[in-house]
Amino acid sequence: MEAVEAARRLAPRLAARAARHDRDGTFPTEDFADLREAGLFGLMVPSELGGSGARFAEYTAVAGELARGNGATALVFNMHASVTGALGAVTEELADALGVSDEALVARDRLLAEAAAGSWYAVAMSERGAGARLSQLTTVYHRVDGGYHIKGAKTFCSGAGHADAYLVAARSAADQSVVSQFLVPASPDGLRVEPTWDSLGMRATASHDLHLDVTVPADRLLGGVEGLALVIAQLMPHWLVASYAAVYVGVARAAVDAAVEHLTARGLTSLPAVRARIGRADAAVAAAQLAVAEAARRVDEAPGDAETNRWVWRAKLLAGTTAAEVAASMLEAAGTSATRRGHPLERLYRDARCGSLHPATSDVCADWLGVAALGGDPDRDGSTPRW
Amino acid sequence: MEAVEAARRLAPRLAARAARHDRDGTFPTEDFADLREAGLFGLMVPSELGGSGARFAEYTAVAGELARGNGATALVFNMHASVTGALGAVTEELADALGVSDEALVARDRLLAEAAAGSWYAVAMSERGAGARLSQLTTVYHRVDGGYHIKGAKTFCSGAGHADAYLVAARSAADQSVVSQFLVPASPDGLRVEPTWDSLGMRATASHDLHLDVTVPADRLLGGVEGLALVIAQLMPHWLVASYAAVYVGVARAAVDAAVEHLTARGLTSLPAVRARIGRADAAVAAAQLAVAEAARRVDEAPGDAETNRWVWRAKLLAGTTAAEVAASMLEAAGTSATRRGHPLERLYRDARCGSLHPATSDVCADWLGVAALGGDPDRDGSTPRW
Amino acid sequence: MEAVEAARRLAPRLAARAARHDRDGTFPTEDFADLREAGLFGLMVPSELGGSGARFAEYTAVAGELARGNGATALVFNMHASVTGALGAVTEELADALGVSDEALVARDRLLAEAAAGSWYAVAMSERGAGARLSQLTTVYHRVDGGYHIKGAKTFCSGAGHADAYLVAARSAADQSVVSQFLVPASPDGLRVEPTWDSLGMRATASHDLHLDVTVPADRLLGGVEGLALVIAQLMPHWLVASYAAVYVGVARAAVDAAVEHLTARGLTSLPAVRARIGRADAAVAAAQLAVAEAARRVDEAPGDAETNRWVWRAKLLAGTTAAEVAASMLEAAGTSATRRGHPLERLYRDARCGSLHPATSDVCADWLGVAALGGDPDRDGSTPRW
Amino acid sequence: MEAVEAARRLAPRLAARAARHDRDGTFPTEDFADLREAGLFGLMVPSELGGSGARFAEYTAVAGELARGNGATALVFNMHASVTGALGAVTEELADALGVSDEALVARDRLLAEAAAGSWYAVAMSERGAGARLSQLTTVYHRVDGGYHIKGAKTFCSGAGHADAYLVAARSAADQSVVSQFLVPASPDGLRVEPTWDSLGMRATASHDLHLDVTVPADRLLGGVEGLALVIAQLMPHWLVASYAAVYVGVARAAVDAAVEHLTARGLTSLPAVRARIGRADAAVAAAQLAVAEAARRVDEAPGDAETNRWVWRAKLLAGTTAAEVAASMLEAAGTSATRRGHPLERLYRDARCGSLHPATSDVCADWLGVAALGGDPDRDGSTPRW
């Protein structure tokens, strides 16, 4: 697990910069230079294309270590890993079944190879009003000479203005029922970042709005076939859910680390109430981490299985609630002096609260898990639409 | 309860300014102009001196309403109410017993009358390293012609740079065992505000450091007798503890208000998980509010009684934990869109976390309550020193 | 509050018998002899009929004190208090509006006078399958010479086989839409107790099944008019909900009492974890008790108001959850030796769990409170039918 | 994992008998006949002695499956597994280091072989007043012709009156500082069971008092050398702690199973509050189970390591708190009808509460984990003595 080691080595550097980017809401450009240099952009790229060929389990371990340094950096990296991971996960069988041409696979391989060489990709999926539901998108595209023209606006685009390309979902102007995905290269023409991101936590993700009015070459249509967006979305719920879990376990652990350091420095380690808080937090974080590892292991072994999906939801639910509760308790253990801006616990308390809110939210995961345990089908019986 | 009505009327104005002061960490000067105009600076001043002659119960109701508008404003007002309330609570019998001269009582009355006329007072008690424990102070004073010279540095002085005078505790240079309190007038000479306050929550309190190197007239020594500081501190634990509770119940209620408004505006009121969160929060806040009212009632009827003190700790413990838990749950009910800076829930989530950390902290209150229930004496048997 | 004093005096006698009745599932006959002798059967009876003319607030205080002795006894007494309280609460105006005849009021007064003289009444409302919903009843009655014949089976009839009469709801054989209530005298003919009650907690309530095949005189039809059952049920939600709350606060307090006694006897009062548990329990119970008192005060002042109902649900929710959590924590504080049968905490842990399950359950209260806070109408919008 | 399969197969048979043994407080003799027949008494016996040679990880999986059937049976089996597991874990190196003779190893092997052939062993360690602390024992032994005479009284001896032999710790009459362990054969002479066990939960363990006044042959001294008791106790904290964890995860899972069955049978699976309870319970139980598996894995790989011990305490803490919380929530989900005696949830609610109380209690585990995370040594710095 060389990549995990690399992430662990980088974490203190990320941590050292975290307070500044949190304060200013700026993007951690140096963190991404470090990630590039460490070769982590190729983490999910098959080794024959120059990458590390990591599986999902290894990725979650990497994400957890990065998040222990800076959760925001890990969240942005998560998007790149999702894109490269999903592209890499399209097997030849699946490609055949979907009607993906050989040229499209060559194009796909080139994008992956570029990632391994140091490019990184962001995701521009959500829209105001539509959220992340593909069925509600208003961004449209139509064919033009040599490619496609895409027009619309995206929100919550982590890393906006900093990525080398953006995974964009859009609806065909010709046929409203067709939703396709494009990997749109960064370019001053046609892409405009509207700086809307100013959030309670995870402030360094630069999850701004992205306005598109841009033409891309034909080979930027993923799969080379229109209408594959939903298929891919359903193939990779783990990328959209379990990897959040990995990040928030890292955040929770960082909160325990910070409380231990704070209390040790102040000689407050013998207070019984403090020790009980640390002890219970330690156990809760350790359990959540095991749940993430178990979900990841199953994603690698049996992606999409009903039982795998349950583990993904368990991991998400446990990581989100644990991070919020642990960070709140650690701040209480550390006391008022830890609430000063710039103190790691002040930031982690805010960052940690965001985990339960990412989709699938904790309440939704609890509902789906309940439906599944009661013998129902979360896709059909859940009180919340899944996509 | 005219003052409570006034506070309720002002709350929306405070709320409208809260986001800006939170963002910039600026003091809510307009809020204090409103409080002055509404006559609230005289709330605790006896009516014969031009005030409202409120009792503690009425004060906690006022504080709760103000906090529903802006918790930070309520916290600063809390300090002024503490000073005027404690001064007003010194009865003639007590004054006699403490050896307070008639001149000192006249001086006291003048300070109270000035409050009723629109002056407001801050508290400069805590010091770095010493916290709020009088026994550890390093600020010193010595007699000079016509008064006292005071030199030292204070921290967590809410309203620093904005108050008309500061209640300062200092140690006699002549006799280290003597700690006295002065009401030091605001003045450009001898008082310097060091802007250190930059906190997770309650950002508008301007609780900066205050450096003193100042001479005050003799009549600014409270009680006219040196060495009364500890006596007063022990007389008014309710001011130091129960009034925090009142503020944080107001903050918790504001969080429920904000979630209801947010969910109603978005048409999300029929989600079962959301309704359960709101319902449980509603009950918890209502119970905490009753506990504050009960503590306040007993403070008025039997100040300092063992059972009164237990109610004060119960109120503090319940208000602190309820505010933090309710705000976290309301943010989860409202979802990601409520985490954007400027949204009331984003601020309230941060403000609410601070309640358990004010002294006596939630963990300390739990310990003292446990000691008392088990037949011990919290002053003697608690695992934490009380002052 | 003479009755409250009487209840406080009786509580230790109830407590001394509680273990035996819990073990054997027997009815606390001696407790009811004590209640009779103390005049508590007339608690809710107007003074002009020989009773104490207590209001609801006083009743909840009595119930809490009795429950501190034995929760099961308090639950059965609750049923008698509900019957006499509801009968006594029918004002002349209401009687007029409902078409209640003067003879019926005379009959009502006789039943109340008999209660004041020492009779006590149980409630036989619930049926298997129907629960407590009047709309689902299968017990039927028809007119016969000089009265009514009632036939059917009831369940969860607390005090079955011990009461002097039973409040029975039945449906008219002639008109299915008409539901009436009768006060059926205890008699060996026509009433048969089937001993079905064998429960986790509250084992001494003798809440057995009651089979009826009995003729009652005409004046046993409450109100003298058929079809009043639903009206009365809607008039007294506080009796069905808030009085449970009073009982479970008493149970919670008994658990704290028992833990304090246990720990003191074993010299374990200085363990920090134990003290924290006791302290947090103390605060939670105190807050729940205030909520019950507030609900009761409002029931007396503005019965049936929307805000009164909210307080009733808050009290029920807080009492039920607090009792269960506090008893579980107190048992953990006391340790294994307190799990031996016959130890008060062993029983209280089981008794306390039942509070959230009585209607309206904690989950239902949370839902209704959420609906109300979000501006809806719990009668119409709740996810659970109210009757 | 053939033994795990066998346990899974037996669980429904154990479950079918559980209600009766719980009600009557009788020992599940048929369960132990089933365990014998399935060969599970030899689970921890090396294969060269006729056993299965299972490692600790496999044992915890077996214990969890048995507990899903009946927690009490699993707890008693736990004692047998502890004795055989600890005996089997004494390596030749360790035996050498401790001065264990070859004859003693032969005797040890014979005891293990007898277990594989169908004998099972109980543990008689705790004493009234002393608890499980070896340093406080009052049971004494002295040498007699051909063996030892042991005299004293034990408490909490699970399986008393049913086992084939008892592991007894006693103090040398000749030298108070020497504590030794004997495997005392069941016999009508010299062993007397005093039926004291009548507990909230785990009622079928027959954990009665055992009075000893008995002579045993010399080869029944474990290790053949006096004074080894403490050494063995310190070698096997996992047996005393982690195996409890395995049992209570099984109990927690049984509670979820029972709630699902109950709710499905009553058609209540679509209530949102119920689904949320089931979903959250499902995730919590899954996480606790992972923690037990991780602790067990580390016990096998690095027994006694500081990090292994932390995992053991995490597993114990998580299993104990999860079992109690999950069972309480599942009972609330299922409602009043599940509180009737004989319903699985009624029993599981009581059984589940016992987990946190077994040593090391949840509060003690939290303290030790806190000490360890804060860089201290739980053996030295914990607020509770470890043995």
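When the chains are written out, they are named A, B, C and D in that same order, and each has its own residue count from 1.
The rule we apply is simple: contacts are C-beta pairs under 8 Å (C-beta built on N, C-alpha and C of every residue); 3 or more make two chains touch, one makes a residue touch a chain.
This is a predicted model, so every value here is computed, not measured.
*Asks:* Which chain pair is joined by more contacting C-beta pairs, B-D or A-D?
*Replies:* A-D
*Asks:* Using CA atom averages as chain centres, what separation in Å is found between chain B and chain D?
*Replies:* Chain centroid spacing, chain B to chain D, equals 53 Å.
*Asks:* Report the inter-chain centroid distance for chain A and chain D in whole angstrom, where each centroid is the mean of the CA atoms.
*Replies:* 43
*Asks:* For chain A, write out the residues touching at least two other chains, lowest number first.
*Replies:* In chain A, 272-274, 276, 363, 366-367, 383 touch at least two other chains.
*Asks:* Considering only which chains touch which, how would you classify the arrangement: line, ring, star, complete or other?
*Replies:* Shape of the chain contacts: complete, all pairs touching.
*Asks:* In the complex, go through chain A and note every residue touching chain C.
*Replies:* 272-273, 276
*Asks:* Give every residue of chain C touching chain D within the complex, in rising order.
*Replies:* 156, 198-201, 271-274, 324, 328, 331-332, 335-336, 339-342, 346, 349-350, 353-354, 356-358, 361-363, 366-367, 383-384
*Asks:* Contact residues on chain B for chain C in the complex?
*Replies:* Going by the criterion above, the answer is residues 256, 260, 263-264, 269-270, 272, 274-280, 282-284, 286-288, 290-291, 294, 310-311, 313-314, 317-318, 363, 365-376, 381, 383.
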